[in-house]
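What follows is a pair of complexes built around chain A, which joins chain B in one and chain C in the other.
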Partner chain A sequence: MIVGVPRALLYYVYYPLWRRFFAELEVGCILSPPTNEAIMNAGARAVVDEACAPVKIAMGHVLALAPEVDYVLVPRFVSVEPRTYICPKLMGLPDMIRQSGQKMPPLLAPDIDMSKGYLGLARALMETSRCLEKGLWSTVRSFHHSLAEMRRIKHKLIAGLTPEEAFHGTNRRRKPGRRLRIAVLGHPYNVYDPLLSMNIVERLRAEGIDVITAEMLPLEHISLGLSQLRKKLFWSLSKMVLGAGLYFVNHAAEVDGIILLSSFGCGLESLVADLLERHARRQEFPFMQLTVDEHSGEAGLITRLEAFVETVEGRINNARNLSPHGDHELRHAGNP
Partner chain B sequence: MRVTFPHMGTMSFAMQAILENLRLEVVPPPPITNRTLMLGAKYSPECVCLPFKVNIGNFIEAIELGADTVVMGGGIGPCRFGYYAELQQEILHDLGMRVNMIVLEPPQGANGGLWSSISKLSVGQSLWHVAAASYFAWHLCKGLDGVLQSLDLMRARETVPGSCDRIWNAAQKSIGQARTYRALRMAEKEIRQELSTLSLHLHKRPLRIGLVGEIYMLLEPKVNLHLAERLGYLGVEVHRSMSVSDWVARHLVPNPRARMHTRKVHEAARPYLRGFVGGHGLETIGESVLFAEGGIDGIIQVLPLTCMPEIVAQSLLPSISQRYGVPIITLVLDEHAGEAGLQTRLEAFVDMVGARKVHRGGGVSCAK
Partner chain C sequence: MPSKIFLGLDVGSVSTKVVAIDALGHVLARSYLPTQGQPIVAIQSALREIARALPPGVPVAGVATTGSGRVMASALVGADVVKNEITAHATATLRVLPSVRTIIEIGGQDSKIILLNHGVVTDFAMNTVCAAGTGSFLDRQAHRLGVPITELGELALKAASPTRIAGRCAVFAESDMIHKQQTGHSLSDIVAGLCEALVRNYLSNVAKGKTIAGPVSFQGGVAANVGILKAFESALALPIIVPEHYDVMGALGVAYLAQPTAGQTRFRGFGVVAADCQVKGEDCDGCGNRCEVVGFRIDGRVQAYWGDRCGKYSHVNYLSVGT
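Right, the complex of A and B next:
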C-alpha cells in the first residue's frame, strides 16, 4: 500500500511526523514534486475561483499524486490545540476534493479536532488505523514515536533552517548573511512554497540577508508576542504569524524589518496583517506586506523587495527619518 | 453613556429595544448608505469581508452623531467574526475616536465572558431586568421576522406593486418601535390585519427560490441590494433559510424545535460536508439539500467576497445541483457590487429557472 503526501499546506509543518509515522507502520509513502506551473494550473482549474492560491496548489498536488498511489493523505485539520482552530478552508478541503468531480483514489482524511481537548486525537488515530488496516496499538505506538521526530525537527528549525532544508537532508546551517536581518512571516505554505513565494527566502539570502521566519523562533518568544493581545487569538496559523511579528516589533534589536507574505483572499491574514501593521507603525518599525496569488509576477516582487531592503538599510546607516512604511508627509513634518 | 450598535436586518430593532428598555441613551447608526460603505471600505483592511466594513461605517457614522459606546458581538470559532471587535477597536482608536467598545462574548468565551459585558451595560439594573428586556426584544424580533417572511412569499402575488413594501415600512414603524408587550400586540394585530386584506393574485403559481448563504448578507437588505425584494418583483416566492429570530432560537435559547431543525440540517449536509467549517457553511449545504428535497425551483447563495466558510460551501453546491437537478447560482458581493449587474444576473437566473419549470425534465441544463 502506498500513501501519497501532497507537498502543500500543512506539509510544511507536519511532514516529519507523517514520514516517520508511515515508516514505523511500514506503509509506503511518496511525496509530490515541488510546486510547479503545471501543478498550480491543474489545481486552479479544479477548484472554485474564490478559493485561495494555497488551496488551489494543494488540489494540484493531490491531482499529481492521484495516478500513482492507493491513498492520498489530506487530513481534515479542524484544530491542533484546545479552543483554537486552523482555517475553514482547510476544514472543508477533503470534502472540496471529493466533490470536485476529479478521478482520484480514496482520501486518507482523519478528523484532527482537538478543539475540545487532546482526546480528539484518539479518534483520528482510530480512523487512520482502520483505513490503513493496521492494528490500533501499532498505530498509536508509531504516532508516539513520530512525535519525537517533531521535536528533533524543531531544533533544526530554531537553528535557522527552513522546513524544506530541515526535512530533506542539509543539517548544516549555511553562513548567515551579514548585511541585514529580516523576518519573513506568513503561513508556512505561503512562505516556503517555491512557486507562490517566488523563493523569497532564497532571494533575500542571496542578497546577503539573514532571514528568520516564525518557525525559527522558539515557542516562548511567540507566546511573549501574543501576550500583548487583549483577546486571545484562536487561529493556530495566525498565532505563529502575529506572535512572531509582535515579538519582533517589541524587540527591535532582533531584526531590522518585517515582511509579511500572505496569499490573496486569505481571511485570517486580512485581520492579522492589519493588526500587525498597526503595531509596527506605532513603533515605527519597518514593515511591508506582500500579497501573492497564482497571477503574481516576479518583477513586481523583486522591485518591492529591493526597495524595502534599501529603505531598511538606509534607516540603519544614516537616515532615521526615512519612513518605515511610506507615510512621507508625516515624517518630514517632524524632521525639518 | 450614549450607546450604539451595528446594523443587521431586524437585529437592529431588537438591539435598540433592549438598550432602550435598559434606560440607556441609544444613538442608532444612521441607515446604511453608500457613504457608510465608503467610510467602512476606506478605514478597514482591504481584503476583510463586507460585514466588517459595514460595521466600521456604522460605528463612524454613529460616533459622528455623538455615540461614545459601541456594543458589538464576539465569539470564538474558525470564522473571522470572533476577532472583528478587537481590530475594530484598534481602527477606531487610530482614527482618534474616543469610544468604549463593549463586546458581548459567549458565556464560555474570553475576557470574563458575557456577564461582565452585560453588567457594564446594565448599570443600576437587576439581572432580572436585563433578562426581561432581552425576552421582550426576542418577541419583537420574532414579530418583525414573521412579517418579513410573509412578505417574501406575498410580493410575487401582489396586485398593486409596492403594497408589500408599504406594509413593511409600516411594520418597521409600529412593531419596530414598540416598547411594551401591549404596544407590540396592538402593532402586530394591525399589521396582520393589513396583511390579510392585501389584494393578491391568488390563482398565480409563482416560482419558488431559496436563499442560502452568509447570515449578514442574507439578512441586511441594504447590503444585499434588496435581493429578496428584487426577486419578489421578478415574480418569485422567496424562501430565506435564516432569520435573526431563527438564529437566536438555535443558538441562544434552549428551543427544542430549533435544535431539532439544526440537527436535521446537519444530517442533510452530511453526504457533502463532513463537519462544521465555521460561520454558516454547513448550514448553507444542509439547507440547500432540504430545499432541493422540498422541490424548490432554484437556490441562490449569497456571500461576501473572501468569506471562508461560504467558499467551502460554494465548491460543494455543484454536487447538490447535479444530484437533485436544481439550478444554483452564487452571488459574491462586496462594496463594489453594482445594482445593474445584480439585476441582470437575477433576471437571467429567474428566466432560466422558469423555462426549466415549463419544460419539466426538458433540455435546459442546470450545470454551469
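Right, the complex of A and C next:
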C-alpha cells in the first residue's frame, strides 16, 4: 500500500510528521516532484477558476501522484491551534479535488481541527490509520514519534535551513552570505515553492545574502511580534507572517530589510500585507511586497529584487558615512 | 572634442533609448525610438543614429544597459554594466537634479516611484501586475480617439470641466470614457478626466501610503504629456520638475554607471548595427518545466542563452568557450 503526499501547501510545514507517521505504521509513502510548469498547468486546468496559484499547484501535485499511489493524502486543515483557523480555500481543498471530475485514487482526507487542543491532531491521525486498517497501539506509538520528529525539524529550521533542506537530509547549513541579511516572509507554500517563488531564496543567497524566513524564527519571537497588535489574529498562516514581520521591524538589528511574497488574490494577505507595511513605514524599515501568480515572466521579479537589495545597501552605506556608530559588518559577525 | 564616450541603452517595452555622454557627463547624442516589438532592430537603428551624431574617431570607453530588455541588449552590444531601472533613474536624477526627493517615472508598461534622501534611494515601488495608467494605455486611448499621442496633453489643458473617469483598471477606464463620450462630454473634458484618473490611480496604487516630499521630478515618456503633469501638480500641490532629458533618464543613468568602468570595455563597436542577429526560442525537454530557452546568435555564433530556470544554458560563457 502506498500513500502519495503532494509537495504543496502545508507539506512545507507538516511533511515530517506524515513521513514519520507512515514509516512507523509501515505504510509506503511517496512524494510528488518539486513543482514544475507541467504540474502547475495540469492543476490550473482541473481546479475552479478563482482558486489562487498555490491551490492550483496543489491540484497539479495530486494529479501527478494519482496514477502511482493507492491513496493521496489531502488533509483538511481546519485549525492548528486554539481559536485560530486555516484559510478557507485550504479547508475546502479535499472537496474541490473530489468535485474536479478527475480520475484519481481515494483521498486520505482527515479533518485536522486543533481549535480545541492537540487532541484534534490525535483524532485525525487515528482516522487516517483506521482508513489504512492499522491498529490502535501502533497508531499511538507513531503519533508520539511523529511529534518528536516535528520538534527535531524545528531545530533544523531555527538553525537556518529551509524546510526542503531540513526535510531532505541537508544537515549542515551552508555558510550564510555576509552582504546583507534579508527576511523573506510569506505563506510557506509561496516562499518555498520553486516555481511560484521563482526560487527567491536561492536567488538572494546567490547574491551573497543571508535569508531568514518566518519558519526559521523560534515561536517565542513570533509571539513577541504579535504582542504589538491590539487584537488577536485568527488566521494561523498570517500570524506567522505578521508575527515574524513585526518582530523584525521592532528588532531592526536582526535583519536589514523585509520582502513579503504573496500570491495574487490572497484574501488573508490583502489585510496582513498592508498592516505590516504600515508598521514598517512607521519605523522607516525597508519593506517590499512582491505579488506572484501563474505568470512566468521573471524579469519583473528580478528588477524589483535587484532594486530592493541596492536600496537597502545604499541606506546602510549612507548611515555608516553619516554616523560614527553602527558598523554593519561587525553586527553581522555576531549573528549565528 | 570629447576624449571618451560612454553609452547608455534603455530598452523598454514600448521605446528604446540610447544616450552618449562624454567623460564629464554632458549629453553628446541621444536617440528615442519605438521598440515596436523588435528590440534588436530598435537598438540597431538607435545606435546608427547615435553613431552618425557623434564626432568620428572618439573611442567608446564604456557601455551599460537597463530596461526590461537589458539582458538581450547587453548580449547584442557587449555591455560593461547591466542595471535595473530603479537604480538607473535614481543615478541620473541625483546627477542632474541633486535636490530632488521624489521621482515619478511613468513608462510604457511600468510606473515607479523612487524616494531619495541624502543622495540615496530610501524607498521605491513599482506597479503590480496591472499596467493601467501607463504609457501604452494612453497610447491606445489616443489612437482610439484619433488624437496624436503628442497632442493629448495640450488637448487636456483646454478642458473646461474635466469629467470623472474610473482609473482603477484600463478596461473600466475605457468603457467609462466611451460612456462619457456617448453622453456628450467634450473630447478635451474626457481627456483631462483621463489624466486625472491616471494620476489618482498612480497615487493610490504605486505611491500607496508613501510620503511624497518635494522637489518632485516627473520623468519617463509620459512626462511629455502636459495634461498629466498639470494633474500631478494639482493633486500634490508641489512643484514638479521635468528634466531636460526626461524621456531618456534611464539610459542617461546607466551611461553614468558605465563611467567608472572606463578602459576595458566589452563594447563590440558600432559594427553591431549591421550584424545579422538571430533570436530563437526552443522548448527544452530536460525536465517538466519545459522552459522556453532563447538562444541569441550573431552571424550564426551563439552569444548567449537565457530563459532557462536551471542555468544549464545561461550559465555558460559562450564567448570564452568559443562555440
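By definition in this document, the second predicted complex is superposed on the first by the 316 of 336 C-alpha atoms of A that agree within 3 Å, B and C clash if a C-alpha of one lies under 4 Å from a C-alpha of the other, contacts with A are read in each partner's own complex, and residues count from 1 in each chain.
What we mean here is this: contacts are C-beta pairs under 8 Å (C-beta built on N, C-alpha and C of every residue); 3 or more make two chains touch, one makes a residue touch a chain.
Only a predicted model underlies this, so the values are computations on that prediction, with no experimental measurement involved.
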Inset, instruction - Would you mind checking whether chain B and chain C clash or fit side by side on chain A after the superposition? - result: fit
Inset, instruction - Could you tell me if A:F264 is touching chain B, chain C, both of them or neither one (first, second, both, neither)? - result: both
Inset, instruction - Based on the superposed arrangement, let me know which partner A:C87 touches: chain B (first), chain C (second), both, or neither? - result: first
Inset, instruction - Would you sort A:R315 into first (chain B), second (chain C), both or neither based on which partner it touches? - result: second
Legend entry - Touching partner for A:I39 - first (chain B), second (chain C), both, neither: second
Inset, instruction - Would you sort A:H187 into first (chain B), second (chain C), both or neither based on which partner it touches? - result: neither
Legend entry - chain B versus chain C as contact partner of A:L275, first or second or both or neither: first
Inset, instruction - Considering only touches as defined above, state whether A:R20 meets chain B (first), chain C (second), both or neither. - result: neither
Legend entry - Partner with the higher number of touched chain A residues, chain C or chain B: B
Inset, instruction - Classify the contacts of A:K239 with the two partner chains as first (chain B alone), second (chain C alone), both, or neither. - result: neither
Inset, instruction - Pick one for A:V47: touches chain B only (first), chain C only (second), both, or neither. - result: first
Legend entry - Closest Cα approach, chain C to chain B, once both complexes are overlaid on chain A (Å): 5
Legend entry - Residues on chain A lying within both footprints (that of chain B and that of chain C): 264, 278, 291
Legend entry - Residues of chain C defined as touching chain A within the complex: 68, 83-87, 118-126, 128-129, 209-210, 287-291, 309
Legend entry - Residues of chain A defined as touching chain B within the complex: 47-48, 50-51, 76, 78, 83, 85-89, 91-92, 94-96, 99-101, 111, 113, 229-235, 264-271, 273-275, 278, 291
Inset, instruction - In the complex, go through chain A and note every residue touching chain C. - result: 33, 36-39, 195, 199, 264, 277-278, 281, 284, 286, 288, 291, 293, 295, 299-300, 302-304, 306-308, 310-311, 314-315, 317-318, 322
Legend entry - Parts of chain B lying in touch with chain A, wherever the complex brings them together: 45-49, 74, 76-80, 82-87, 89-90, 94, 103, 110-111, 272-279, 281, 305-309, 311-316, 318-319, 332
